[in-house]
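Here you go, one structure.
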């Protein structure tokens, strides 16, 4: 029986990888991938707890997360398309409109 | 000493809150106007609003119990209970006629503004309707805080009316108007607060359930030391005197009148000025009877000086509106004289004269407005001999002038006669200048009429003036009917007033 | 009224018909009317008629007694004669005025109370003035005015007296006057003014010469004689009248000396002759009264005759000055003859009417032992003869021939004169004709020796004197000064008064509203306006300026101190911002990084401090 | 033991795929690595008896979402950047390691962990996993379910609106 | 109400007032049809006269007729009362209105005046208010009608609308309004404050209240407040108002305006103060002095006027004071004379003005010096003028004499011999300024050069009597003034009833 902490370690690691990915990649698309990774990590966590608590709630929440992730992917991709159309790039560094 | 005398209470004799409807209906109309674009619709809605308001307000005299001094149609809702502020409205003999006057003049003003407003019609109508609400509110408010609120809010639409649709010098005039009034009302507020605190002391001493109240009826019961009365009187004197305006504080009036658009002038002269005198009757006399007695000589003096002074200045003017503005100062001097004669005849005359002045001076402004719309000048020397060109206008002008100069058979006479009766009874020394004022009044008005209407039509620009159309005739005729009605058969109006006169007189006589 | 026809009213209302008649009918009517009145009177018996109540008074229009009747006779007679004389006149107005005038004087005569007397009295004055104004020349206008004004004055005085009587005595019956004081004097003044007693006589000499030829005939007959009648009626025995009468008699004569105008000369003689009557009234005995009445009777006739003669001359020649006339005896013999009858009558030649009446007055004076009166009256009588009997005819008809081509006047004038002359002689010859009708029984016989001799001697001496002193009596074209000067000048002064001081006063009053009300008011108005603009508005503006000044000050404070401070802050901030700006890369990465670091730090803080501040931390069970 | 084996395989695979997803230069490769990560995670779910979730994971992530990414990738024809790592790479990496360490530290220090390890019961539930999820989902979680549906709808519409925009110029 | 006599309640007084107002409305309505318009004018006049006369029997029988229209203000009624004094004035006014209407028709048409409708309308309204004044039962009602009268006569005075007309009318209004608005109103108010009532009463309405000084002040406020009575120094509006067309002058001077003034003064003397109070305060003497002064000064001034209407105007000023003088004597005869003079002067003066107008119509002459020989061309007119003049002078048996008789009686009853002399000298002055006119008209040759008297003046040969509408009324009034002089019974009875 695999202890819960193993799953948590996996999910944590995956989360941190996703986090670092968000921080280091320039390609907007890849940033989205990293976000997906983080979501997945969360899912692992939820399902694992669900399993160990003998409760379906975690799974249901992970189901919602998957759904949201799908929506997020759709919107994110739409933004990418618009961005690309306007700037001809997906490089986040070139989009510094927030600069004061 | 005060508690036993002149107790009045508030009653509500019909179910629906008619008074509140009358107050807020114009506001509703204004809100509807916000969403309209078509000028035709704007006019129609505005007219319907004022008409319905007017018809509603006609319910008030219909159900009004004459001869008693109670506040009628009263409505009271707590508003800010911890501070003792409530929404409390009601009318008695003093205010009923003024409310009616306001709604009546509003109808005329909207009708008058059918044409001639070229820009921002919607805003204009909203201002008018807002003004109506605040004016009726001022007259109906029984809570000092509410009164003050309406009093102050009234400035806003009026300011915009002058500032936006006024004449060349409107910036100066509107600012002067607002500053003057604000200065006065600040002092007035201080006076109100003193009353309020005094009530608190009183209530605490009597261990009444309500410790704080701005309610007029509550304040009536709280005795006030003479010294404090004097202070309060002085403070609220400034508030009201600026508004009336009384003699040394009057200079905003000519400017405001001259620069305001006709509708503004009409409401300004017809109703706004009455707020000051109304304030004196409503608050100064019943709340501060001893102080009123102390200040009688001063008030009579200022009234008398105002009468003569305004009349003399009116003689010196070339600008018609300015002339009428100064005549207003003179006429309101009469009102002050009547009120502070502190006897029944004088009070009666003062109150009737408020209405009269509202009707006749509004009429004059309307007539001048008609002329101004046609010729775009207010200079008397530009006119002359118009009676041949515009006979109907001349006829109405004449009737209104007669009313304003207190010709027997018109409303002005009733008022001035009663005022003089009271003034002579009170102190003949101040009645003599008033007589001179009557004379001068006849002089400047007839002179004005002669210079504008009589003689030969010499200015070629006047040759193509059109006479009044049906709408304008309707406006004038409504005024003429009122003039003659009050002039010939004033009893119905006096009966409305009488209960309150009796109350105030008994209050100040003791 | 039914059984009595008032002759005065008969004439007055009859006169109204005159304008509607033409030609012969009119002429006949004109003569017939007074004749009818005369007949009417003859048939009238004494009594009280025509009693009317008016304004609370009892008015008696017909008090008929002997006194009034005799005056009535002579008035109607005279009216008839005058009318004959005036028949040629074409102007209806003159006839009308004359008839009304006569009617009014008859009214006076028959008035039984002061009220109706006054009515007719005034009517006389106002109708007679038309006879003067009908004259064409310019002087007539002024004379007429003076005439009517003087008479109005007399009337006014009379009215005042009447009112006083009415109030004090309660009755206005016209009879012997018992009033005293003011009422007495007022009425007396009213009466003697008409009687032309000096100094109230000047109107007569002023107006009569200016009247028309025919009008003067009427004028000379009625006004003064009416006055005599009322004096007889009311003031018999008033002593002052004796002296006044005598004075009149002399005054008229003396003034006559100075006159050049023929009718004025005659007018002065009226005064003189009326003086006899007034003196008679003053003496007041029955005989004296009789004398007055009789003299009035005959005077009317001969004076009318004289005026008719003078009028005829004027009519024929168009001249009225003695100096311009002369030698008319050749062309106007009949006139001369008739005139001379009048002249003798007035001079009281025996056998002429004047003699039988005048001597009665003088005799009455003698009877009362008033020698002065007698003497003076006699003297005046000689003066009368001197002028009217001698001087006037001499200079008109004889004397230096003025070479005037004149004709005899028209027949009707001659007939009129003839009638009058006839009556003069008739009375002179048969005084009883007259005496029979006098108010009192007459016990006087004029044709006694001493009377006749006395009269003749005086007259003859006078005539002698005249011819001796003819040269000195030559008339001169002068205008004599009489009491009319006073009211002429007085009137002028009065008009000046009205034209200047009073006009100035009126001008002042009528402009008073302008000078005392409007102009000061305008000044006050301007003052007020300045006050309003400069003081009150000035104060307001000063406050405004003060506010703006304060505004400026606070602006300075705001700009340099507060803003300065804030700017300093801002600058510091700016500098800081320049430094910190570096942090703002605009890169999402950096931001995300920072967020995560921040979050990480927060979580660490949480972990580190969760035990120390448990209440702030989440507690997980 | 097979459980451990599969756990390490799926767990290690997931982590490695994740690292590759973040670390590879070419986006296509990245995508593929992501796919691998998803599938490995699905494996983990199966290990945890969450079959339904695992199926969903495969169908939605691997089937739908990733295909969408691929389409976009091809549509945009992205070229690989020369410096695909950001200049804060080292900082980020350091931070990541620190966070990871911290998290693991927290995990193993936590008193909860022990409780959970012991509380685990192997007793299979009476009803099936999928059925249970369905019951819960349409009873207790009905409202969140509907909300999620709306959010999804919003996402779809938003994506459509954004992507449909025609170029301004 | 301190009338002890029987009081009738009837609407007639109000109707009498109303008739001409209605007439005015009809006149206005028939603007385009002159004949109809003037028909209304005459018709209203006749009806009015009938109404007025129908009240005479009752009034002569000692009753008064009352009608309270409504309560104007608490304590102030609009109330009419017909008493002898009022009826006398009303009779005069309403009968002369008819005559004046006819005359106006003739005058206005002959001179082709403009705005005749306005003219007739104002005329009718002014008659209404004159009757209103006559029948007023209290001071307030009187005041109201008094003011209306001032106002509606303004357009009449300014009728010609020339500079001069406006100036005159302005003066007219300044005087009338000025005095009534200040002095009169003050007097009324003071009266009310003292007495507590404004109702006329037979022995004065004060009833012993008020202190003498105040009452004296009130009295003089009244006397000068009624400037229409033209007592010096508030008389000069009257000559100024001569700019009006002649019928208006006639109206002003004979029928309505000035008569309203003196009528009001009589009201004040008789029914506000009452003879006994007047005597007590010695006000009669003071008034008599004022009136005497006015009589003399105005007469003297009239002498100097060459403008016929101006001369008549000053004559009016003087004659009005007769009325006041008579009343102020406070003796029966004096009061009788004063009251009667309202009627007598009205009839005579209107004749004179009609004549002046007739002359103007026929020859466009206004100055006396130009009127030489006019009597020959216009015998009827000038004969009437002579009658009127005689009446003014007070020659029996014309109307004026009756007055003078009673006034003189009154002055002696009052033991005021100076007043008698004033009357007598005034007679003299009247004669002095009227007789020259008559003389000129009848006896002087016409002026040879018509050019010298202005282009408007007609050639002497062309002058002839004005139209029948002009001449008939003036002959009628002349005859009327004779008849009143001979048979004054009606007015005398009324006047006696007043002082009873």
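Every chain is named by a letter (A, B, C, D and E) in the order it is written, and numbering of its residues begins at 1.
Criterion: contacts are C-beta pairs under 8 Å (C-beta built on N, C-alpha and C of every residue); 3 or more make two chains touch, one makes a residue touch a chain.
Every value quoted in this text rests on a predicted model; they were computed, and no experiment measured them.
Q: On the document's contact criterion, could you list the chains that touch chain B and likewise touch chain C?
A: Common neighbours, chain B/chain C: E.
Q: Taking a step as a move to a touching chain, how many steps at least join chain A to chain B?
A: 2
Q: Keeping to the contact definition above, tell me which chains border both chain A and chain C.
A: Where chain A and chain C share a partner, that partner set is D.
Q: Going by average Cα coordinates, which chain is farthest removed from chain A?
A: Result for max centroid distance from chain A is chain C.
Q: Work out the mean Cα position per chain and let me know which chain is farthest from chain E.
A: The chain lying farthest from chain E is D.
Q: Any chance you could check whether C-D or A-D wins on number of contacting C-beta pairs?
A: A-D
Q: Rounded to the nearest whole Å, what is the centre-to-centre distance of chain A and chain D, using the mean of the C-alpha atoms as each centre?
A: 6
Q: Round to the nearest whole Å and give the separation of the Cα centres of chain A and chain E.
A: Roughly 115 Å separates the two chain centres.
Q: As a quick test, compute the distance in whole Å between the mean CA positions of chain B and chain E.
A: 44
Q: How big is the gap, in whole Å, between where the Cα atoms of chain C centre and where those of chain E centre?
A: Chain C and chain E have C-alpha centres separated by 24 Å.
Q: Of all residues in chain D, which are in touch with two or more distinct other chains?
A: Only 86, 88, 92, 95, 99 qualify.
Q: By residue number and range, which residues of chain B touch two or more other chains?
A: Touching at least two other chains: none.
Q: Multi-chain contacts only, two chains or more: what residues does chain C have there?
A: 589, 593, 596, in rising order.
Q: Let me make sure I understand the interfaces: which chain pairs count as touching?
A: Result for touching pairs of chains: A-C, A-D, B-C, B-E, C-D, C-E.
Q: Touching chain E in the complex: which residues of chain B?
A: 402, 406-409, 413-414, 417-418, 420-421, 424-425, 428, 431-432, 435-436, 438-439, 442-443, 446, 450, 454-456, 488-491, 494
Q: Touching residues of chain A toward chain D in the complex: what are they?
A: Going by the criterion above, the answer is residues 1-10, 12-14, 16-21, 23-27, 29-30, 32-34, 36-37, 40, 43-44, 47-54, 56-57, 59-60, 62-64, 66-75, 77-82, 84-86, 90-91, 93.
Q: Please output the residues of chain E touching chain C within their complex, sorted ascending.
A: Result: residues 171, 174-175, 178, 232-233, 235-236, 239-240, 297, 300-301, 303-304, 390, 393, 395-397, 401-402, 404-406, 408-409, 411-413, 417, 420-421, 424-425, 427-428, 431-432, 435-436, 439, 442-444, 488, 492 of chain E touch chain C.
Q: Which chain C residues qualify as touching chain D in the complex?
A: So the residues of chain C in touch with chain D come to 589-590, 593, 596-597, 600, 603-604, 607, 620.
Q: Can you name the residues of chain E that touch chain B in the complex?
A: 70-74, 140, 143-145, 147-148, 151, 158, 161, 166, 170, 173-174, 177-178, 181-183, 185-186, 189-190, 192-193
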